[in-house]
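These are the structures, in structure tokens.
Heads up, the next two complexes both have subunit A, just with different partners, subunit B and then subunit C.
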Partner chain A sequence: MKGGAIMEKLAGILKEIKSDVDYGKESRLFTDGILTSLDMVRLVLGINELFGIEIDPDDIITENFDSVPAMMKLIERYGGK
Partner chain B sequence: MISIVPYSGEYKVGVLAVLKRNFPWMARYSDEWLSRWLSPLIEYHWADDPDISDVPFKYGAIVLDGDNVVGFFGTIYSYRLIGGKKYLCLNFSTWCADAEYRIHTFSALKKLCATADILTDFTPNEPSREIITKMFGFKYAETKCFNLCPVPLLHSAKASVRFINDPSELKDPEQSAIFAEHQKYGLKCAEFERDGEKGCIFYYFHTSRKLKLYRIVRTVKIYNRKLFTENLREIARKIQKHEGFFIHFCVDSCFIDGKLSYPLYFVRKAYRCVRTKENINFQLDFLYSELSMLDI
Partner chain C sequence: MARIVTDYLDETARLYPDKAAFIDEKRTMTFSVLKEESQRIAGRIIELGLRKKPVVVYLNKSVECIAAFMGTAYSGNFYSPIDTKMPAERIHKIIDRLKPSAIITDESHMAEAEEFSQDAKVILYEEAQRVPADVGAVEAAKMSVIDSDVLYVLFTSGSTGTPKGAIISQRGIIDLAEWAANELGFNHETVFANQTPFYFSFSVYEIYQTLKHGALTYIIPEKLFVQPAKLMRYLDDNEINTLVWVPSLLQMLSQFGVLNRPHVNSLRNILFGAEVFQTKHLNRWRNEYSGARFVNLFGPTEVTDTCTYYEIKRPFADDEMLPVGYSCENKDCFLLGDDDKLITQPDILGEICVRGSGLSYGYYNDPENTTKAFVQNPLNTSYPETIYRTGDLARYNEHGELVYVCRKDFQIKHLGRRIELGEIEAAVSSVEGIEDCCCLYDSDRLIITLYYVGKNDSGNLSEALKKLLPDYMIPGKYIKLPEMPHNLNGKIDRQKLKAMMKGEN
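This part shows the complex of A and B:
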């Protein structure tokens, strides 16, 4: 899947979780508490469903979810469709 | 550097601090009080302990950032005999992590979930419920708890209730062993009988931290649910006479056989979450959990 398509799907999930965040600018989404662990559940479930992957709980770490590029990298690593 | 390690006494001060940071009600109490409240959880010792001694995270798990405690997972391990086979059961209780470290909850839970055959969490808050049910395969085994208000009897009692002081008074070896293991943490036991048929109730007499008069009898396990259900009013009344005044007699609907016939009660949500390995027929009860040893 191309970066643009991943980005588009991911943006949809993130907007649904919290619409008033400028995801393009934020690089510490979880570190700074902009998103909570409850948001993380929705985010991971959304990613799993939309990209047809299953993210391992061991990969649910700040480095993989603090910014949109980090999430895209993770989805690409899992071969998201 | 984040790491997840088994609890040991050296982390106690850090655990108390992380609990106070994450549970507002705990912050209102002294370290000494909180330490006493928590002690059953981090020091419990079952009679069956030799078998559990090798279990990792036996007294809980700590999330460390370097040397700092930033999270705590209370764990209660026990063995359950089901269909003649022993299964290791892990009950989660009182788990939390500082906001910026909550993301590590997922890997910690994965690690802990791999250690047992039966996993339970009987008092999860909303975020915890979302995490364990949506991401870790827990199911709601129970969602309904009856809160019965004790009412006087208008007829002479038909059932007798005998309060047990010593495990040896119980003829059933399983019941006796359960009582022997739990009695030191405050669990109580009574046998009830009617027309030669017997049953047994294990209950925890919960006292509110704030209001000493607000006391609750929490049903933890029932033997002979039908007899219990049919004589609930008399049993509740006799426990009240024995224990003194209490506000509610709490019974999850899993302990009720048939339709509840009781004059005064209300129902509240109580989320009891369970995950088992395939083919384990786990009959829900709240033994070996915070509900049978802590004022929660």
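This part shows the complex of A and C:
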């Protein structure tokens, strides 16, 4: 699976969650409270559904979701496509 | 029996001086230290010659907030917590209304506090702790306090764009605390994990039950709210037995499937309120924690947080609504129809109205909003008797339980916070380039949707709103329209917009 395709799908989910965030720039999305606990629910459920994976709750930590590259790495680790 | 809230702390500091009272990420505060630090704060306030005056507490959520609250109470004044993350614009509106005499803050927030302080004296927490309290002066100030004196003012969302400050008395909190202790069975072994911010009414459970019984409250570190498995481990590690949480967080843990990761063996009481708990998720909690008590608490800030409660005992289908139940002891909740007649029959819609010594005195420096909501009981024509009209519509079900239906106006609940869509609209309208706007709440997807007409794009609009509104009030979705639909009266056609919103889903 190519990074570009993952990126595109992920960008779609993120835009749906909060349209006004510059996701390319942010590296502390959850740590700084730009996204909230409710956004985390929608994000994880969205990723699981769109990539056909099931992220383990132990992986739902800020380090894996604070930036777009971190999320892509996580999705790739789960073999998301 | 306690008369004022500082009686609670005096008693528990005597009974359990070295027991932990409040624990946050940085510090554990015992009851004796809490009393000591509270009295030092009180000493500083008394030196300023203040009595029955508003004191703002502007601190990050921490154990020191509790000492600042109690210090204010000891001094014979009343506190009003302001969130340190609140946009400056909204803080200014609150300060203009409250006109505080003092602001308690710390070194890291001093510059901001001085900026909005106006005539208020800024008290630095660290500095106040350097001087031992004049215990005689604090005792004398405390003795002058009576139970009808104001304890705190909490600001809630207001539709004209200005927050409303609900005034709560000492008596209101004692009334709630005594009922809650008896009915919900709190005691000195209760261990709370506090979730709600202290500027949010629901937190009075942890604060005052801890002070009353010598219980223990852990203040959950903010970062755990987005890390479900870590949050569950935190509850387990600290042997938490009682949660008083908003349903959205309980639902989140259920959605992530972590209710048993790990199973928190110590958990006994799961209390929730301030918004609707989706029954599907409640049922998952009940399955996993079958030995625990589940209680739905209902009420606005203006009745000292809670006016009805419902303990969930019977099974509920996933699509069934939970009742809000019955009046708390010493509060009387009743339904009034459009004609102000009392409703007693099932399935007739009426407005929930409340009587009792827990009622707020009204909104601070705001006679206009006060007289709208706090009115003479229309059922009593013989003597003055104030009731609070909640603006919540409800009905009785076939069991005689009260069931919440909806808001009378356009107020919504989002993430457990009460928001008047009008306040968001007022902020949006104030942004340069906006011609018209309307806010709707998409309750299926829990998103505030903004429809607007103007030159702005969603990026610069949301940037502008961040300076005006707290985070939880910022719309999640922006839809630019070439023209706003209006109905025949010239009002914005909300029904048409709602249909559009449904169509998009």
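Basically, the second predicted complex is superposed on the first by the 81 of 81 C-alpha atoms of A that agree within 3 Å, B and C clash if a C-alpha of one lies under 4 Å from a C-alpha of the other, contacts with A are read in each partner's own complex, and residues count from 1 in each chain.
Note that a residue touches a chain if its C-beta (ideal position, glycine included) is under 8 Å from a C-beta of that chain, and two chains touch if they have at least 3 such contacts.
None of these values were measured; they are calculated from a predicted model.
Engineer: Tell me which partner A:S19 touches in the superposition: subunit B (first), subunit C (second), both or neither.
Structural biologist: second
Engineer: Counting only touches as set out at the top, which of subunit B and subunit C does A:T62 meet: first, second, both, neither?
Structural biologist: In the superposition, A:T62 touches subunit B and subunit C alike.
Engineer: Taking the superposition on A as described, I'd like to know which of subunit B and subunit C A:T36 touches: first, second, both or neither.
Structural biologist: Once the two structures are laid over each other on A, A:T36 reaches both partners.
Engineer: Quick check for you: in the superposed arrangement, does A:A5 touch first (subunit B), second (subunit C), both or neither?
Structural biologist: It touches nothing on subunit B or subunit C.
Engineer: Just subunit B (first), just subunit C (second), both, or neither: which does A:L45 touch?
Structural biologist: After superposing on A, A:L45 lies in contact with both subunit B and subunit C.
Engineer: If you lay the two complexes on top of each other, which residues of subunit A touch subunit B in one and subunit C in the other?
Structural biologist: Common to the two interfaces on subunit A: residues 30-31, 33, 36-38, 40-41, 44-45, 57-58, 60-62, 65.
Engineer: So in the complex, the part of subunit C that touches subunit A is made up of which residues?
Structural biologist: 85, 222-223, 225-230, 248-249, 252, 255-258, 261, 415, 446, 458-459, 461-463, 471-472, 476-478
Engineer: Where on subunit A is subunit B touching in the complex?
Structural biologist: Residues in contact with subunit B: 30-33, 36-38, 40-41, 44-45, 56-58, 60-62, 65.
Engineer: With touch defined as at the start, can you tell me which subunit B residues reach subunit A in the complex?
Structural biologist: Going through subunit B, the ones touching subunit A are 2, 99-100, 102-107, 109-110, 126-127, 130-131, 134-136.
Engineer: Quick one: which bits of subunit A touch subunit C in the complex? Just the residue numbers, please.
Structural biologist: Residues 17-20, 30-31, 33, 35-38, 40-41, 44-45, 57-58, 60-62, 65 of subunit A touch subunit C in their complex.
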